[in-house]
Amino acid sequence: MIKVLFFADQREKVGKDQLEFDGEGMNIHAVKTYLEEKYPALALDRTMTAVNEEYEEEEERLMEKNDVIAFIPPVSGG
Amino acid sequence: MIKVLFFADQREKVGKDQLEFDGEGMNIHAVKTYLEEKYPALALDRTMTAVNEEYEEEEERLMEKNDVIAFIPPVSGG
Amino acid sequence: MEYYKITSQEIDVNEVVSSVIHPESGAVNTFIGTVREFTGQKQTVSLQYEAYPSMAEKQLCRIGSEISDRWPGVKTSIVHRTGKLAISDIAVVIAVASPHRAESYEASRYAIERIKEIVPIWKKEYWVDGEEWIGDQLEQTSYPNGRPEEERHD
Amino acid sequence: MEYYKITSQEIDVNEVVSSVIHPESGAVNTFIGTVREFTGQKQTVSLQYEAYPSMAEKQLCRIGSEISDRWPGVKTSIVHRTGKLAISDIAVVIAVASPHRAESYEASRYAIERIKEIVPIWKKEYWVDGEEWIGDQLEQTSYPNGRPEEERHD
């Protein structure tokens, strides 16, 4: 299993703040596609990806067991 | 009478923090000369002059009754 | 002792300042972000901040490391508040201590710019006539490399 | 409410910050000067600050006016402590609130530079091996015009 976290407008669009599913072995690109099909309101094209609380640039990176992935919308803190 | 205030090293050199004397009608330059003669340790050449809590550039300015004059050494606050 | 924290509580500025003062520091610069009522004609009623707290704290800590790499001897603490904030409430406090004042200003400015680039915190604005996640509408911001650039302020 | 004060008491940073926050401000920059232990190899034991208090408060207030002339809508409070201070004690707190962050940095920097030019406050340093009024030794500083220049930071 892997865990996806949803923040801000994503959380509101999906209606929950996280999702666990059997995504081991999928790459980041595939996870995005899977989520966008499951939740058509989600738009992940302008997000940064974080895996286990670190930014990850490599879209080919494969998900491992217990990975926590988040698609970070443009930030607006400060 | 006019009042002269002494600060920082001036106060230590003169041994007091103020002096009142009959200086009405003297200009600023004359007040400096008077003080430097009275207290040879005083050096007022690098100071700014303040009259009644405002900087005063004009060395010819004449002292009036109850004026408070101070010779401000280079400041070092902050 | 420097610290990097996401909190839902009010931020005590004295505490953040004290945490960075040390015998070699002569200057502390702080930046404090508050909730502004008007942006042009648009009137804000309140804000809500949400964070990815564990990751946000790591990113704040990274900013502190970037600062001490660039300005050796400079110490940084950063606290960002989350939850609902009213007008004039404090959202973020950055404190930077350095031996001399020039670096304290530069490093403080660097910290707030970096927060706005890399720290996963989002603001929802509540106006008199609506509400919106601010990150959501920023069409001009996107991340072609999949993550923010390493350091774009030189 | 902005204020300009010379005090012999400890300065509460929160209080100075609160005094400048208003609904139109989104950013507060503060500059805090603390007593540094080492300047090069020279070790400071303590400092003594002396002021011409009534005039110093007028000059601090003048700095606040200069700032609101240059940066409309920017609010400033400044508190400077006098008396004997130990290492890491806070000597001065400047708080500047502005709608956007750039001006808060600029105005805060302007304030500390102006304090070092025109506000009648003097520092006596006590080192391990002696003591000296700092203004006294600043041979490079003199006032050919009899007073500091009006505004030399542009």
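A, B, C and D are the chain letters, set down in written order, and residue numbers restart from 1 in every chain.
The rule is short, and it goes like this: contacts are C-beta pairs under 8 Å (C-beta built on N, C-alpha and C of every residue); 3 or more make two chains touch, one makes a residue touch a chain.
Treat the numbers as computed from the prediction; the structure is a model and nothing was measured.
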Q: Trace the shortest chain of touching neighbours from chain A to chain D and give its length in steps.
A: 2
Q | Interchain centroid distance [CA atoms averaged], chain C/chain D, Å | A | 25
Q: Calculate how many whole Å lie between the centre of chain B and the centre of chain C, each centre taken as the average of the chain's C-alpha atoms.
A: 49
Q.
Give me the residue numbers in chain C that touch at least two other chains, ranges are fine.
A. 33, 112
Q: Indicate the residues of chain A shared as contacts by at least two other chains.
A: none
Q | All chain pairs that touch each other | A | A-C, B-D, C-D
**Q.** Residues of chain D that touch chain B when the two form their complex
**A.** 33, 49-52, 54-56, 58, 80, 91-92, 112, 115-124, 133-136, 138, 141-143, 145-148
Q. Which bits of chain B are touching chain D when the two form their complex?
A. 5, 7-9, 11-12, 45-50, 53-59, 70, 72-78
Q) Which bits of chain C are touching chain D when the two form their complex? A) 12-14, 17, 21-38, 87-88, 97, 99, 101, 104-105, 108-109, 112
